[in-house]
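Below is one structure. I have some questions about it.
Labels for the chains are A, B and C, by order of writing; each one numbers its residues from 1.
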Amino acid sequence: MRSPLANAVEAVLFVAEKPVSRAEIAKVVGGTPKQVDAALLELAEGYSGTGLRLAHDGDDWQLVTAPEQAPAVAAYLGADRLRVSPASLETLAVIAYRQPVTRAEVEAIRGVNCDQTIYTLMQRRLIEERGRRDGPGRPILYGTTWEFLECFGLSSLDDLPRALTPEGTVPEAEAREVGGSSSP
Amino acid sequence: MRSPLANAVEAVLFVAEKPVSRAEIAKVVGGTPKQVDAALLELAEGYSGTGLRLAHDGDDWQLVTAPEQAPAVAAYLGADRLRVSPASLETLAVIAYRQPVTRAEVEAIRGVNCDQTIYTLMQRRLIEERGRRDGPGRPILYGTTWEFLECFGLSSLDDLPRALTPEGTVPEAEAREVGGSSSP
Amino acid sequence: MLGNEGPSVTVEGFDGPLEMLLQLVEEKKLDILTVRLGDLADAYLARVRALEALPAGEVASFLALASRLVLLKARSLLPALAPIANEDEGQTEEELRARLMEYAIVRERAGALGDRLRSGERAFHREGGSAVDLPPRGGEVTALAAAWSRVLALAARSREEDMVSPGERYSVEERTDEIEAIVIEHGEVTFTALLGAAPTLGWAVVTFIALLDLYRRSVVDLEQDELFTDIVIKRKVRAVPETPA
């Protein structure tokens, strides 16, 4: 039976899409670095004979697929399509059409928490920070990247297609009103 | 020891950006649907006592974190808690246990207009449209989403909390009849 | 049907007529299976009268149930009372009881779901992708536009629900450091100045908590000449108290 700490570390590494340092793991799971070391060792041993592996580069740790599963992974990932979830695509759409925007503005438009999707899009280099908005807390502004344009085959942001609803084109003024409702 | 097929399925689900259907899993790992079923069962059992869970909505499968690890994962992602009003929870309860249902059916059961709560649940991505019911007006049918399962820490709809009311107080057939009485 | 009359109403904890009736049954500790619903007519009517602040249209659904209860009461008093010719289905006690019991189950399930939500035991998915760092590719611009349309369609209606509206999240830790830096640099600052031109509630709360923390740690002194005037935050100089007590 695995220790509770090892399970917490596993869950964190599972959702992380980049290597996580031992110190950060310790902070979020609430353990000492030494306990985290033991948990990581426990996990690494547990993954033997499964489809996953625990990889590390120095003190940075990451869950990856086992090398021998490369054919299945390649078969799944093989098709040339963008690897983002529908939720991330929605967040990306809001940022692409409204940039620069803050996280709170994206959430006001989507109506749901966007922490994880913004994090994922940053990891994928589809969005980036664009300075900060004046005002309380100086929230971070997000915009799309050069990789975003390349990924979608756009020569510039002006090439973004106009949004269509079943009723027809959304008047830009109305759309702006919706999006702007949360910003001062 | 896990079977090679279960490990391949695990690796594919790990890299997938959205739930994967049994048919697609079978295609990429090169097994029959029956073998895939066995592999999924094997995985689900193997995750017991770990930080991961195998969740499914119908034939679509996804790897998620174990609900009890939510504090550590939320701390890592900086996610905050979803809040749903009692009125919306009632509408959600009707939809979750009766899906797919129409708005009129939900209203017949709750005894109040449910326009606003359905809209709110849609916006929170907790419910979605599931086609239309045959018959006059072809009313929209609603069902729950993956986000619903995730937010409530359910591995599948079979995990829905069972009624605490003593068995047999309300015959389900009778209840259904009442619920359906507003639709032809 | 009861349900199609008027918008949802939440007054004094009542979300609708069925909930009001169910609450009566529970308060009086009656058995939902055996209670004679007609007996509740008077108590129910008294509650409906208390809803006088409601617009007439919104009371309609409460009144519809009230009239049904009164009819049931009349029937129990005068067993010979024949069903009225144009009476539609759903008027008998059994049918109303069945609806009430079904509603009770819904409320129980909603409560169970609410408990789950409050426990915070939720799952998280992985957004996917291989560990190998590849540049993103294969994006479909039509899919992106479709996602945007979907978001706009869902955002098109105003939100009235009592859910927490999204706002910026601030860190008390960061705010504390910021204020400390300001006080060290300028010696003093007013609370109004710290709040800025258009503070949000969250920002004000975080600023205030940060100030209390600084005060507790004796980093700053707080001064207020009169009630409701601006608070002046001064750097606390050790051993040399700046403010006479």
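Rule of thumb we're sticking to: a residue touches a chain if its C-beta (ideal position, glycine included) is under 8 Å from a C-beta of that chain, and two chains touch if they have at least 3 such contacts.
Bear in mind the structure is a predicted one, so any value in this text is a computation, not a measurement.
Novice: So using the touch definition from the top, which pair is joined by more C-beta contacts, A-C or B-C?
Specialist: Of the two interfaces, A-C and B-C, more C-beta pairs touch across B-C.
Novice: Measuring between mean CA coordinates, which chain is farthest from subunit A?
Specialist: C
Novice: Where the centres are mean C-alpha positions, what is the separation of subunit B from subunit C, in Å?
Specialist: Chain centres of subunit B and subunit C, defined by C-alpha means, are spaced 24 Å apart.
Novice: Round to the nearest whole Å and give the separation of the Cα centres of subunit A and subunit C.
Specialist: Centre separation, subunit A to subunit C: 29 Å.
Novice: I need the residues of subunit B touching at least two other chains; which ones are they?
Specialist: 14-18, 63, 65-66, 68, 73, 77-80, 82, 123-124
Novice: Of all residues in subunit C, which are in touch with two or more distinct other chains?
Specialist: Residues 124-130, 154-155, 159 of subunit C touch two or more partner chains.
Novice: Show which residues of subunit C lie in contact with subunit B when the two form their complex.
Specialist: Subunit C residues touching subunit B: 1-10, 15-19, 33, 61, 65, 89-90, 95, 98-99, 101-114, 116-117, 119-130, 154-155, 157, 159-164, 169.
Novice: For subunit C, which residues are in contact with subunit A within the complex?
Specialist: Residue positions touching the partner: 124-131, 135-145, 147-156, 159, 165-168, 170, 175, 195-200, 203, 206.
Novice: Once bound in the complex, which stretches of subunit A touch subunit B?
Specialist: It comes out as residues 1-2, 6-12, 14-16, 20, 24, 27-30, 46, 49-52, 63, 65-66, 68-69, 72-73, 75-77, 83-88, 111-113, 115-116, 119.
Novice: Considering only the defined contacts, which subunit B positions touch subunit C in the complex?
Specialist: Touch list, subunit B to subunit C: 14-18, 53, 55, 62-68, 70-71, 73-74, 77-90, 92-94, 96-97, 104, 107-117, 119-120, 122-124, 146, 149-155, 160-161, 163-165, 169-170, 174-175, 178-179, 181-182.
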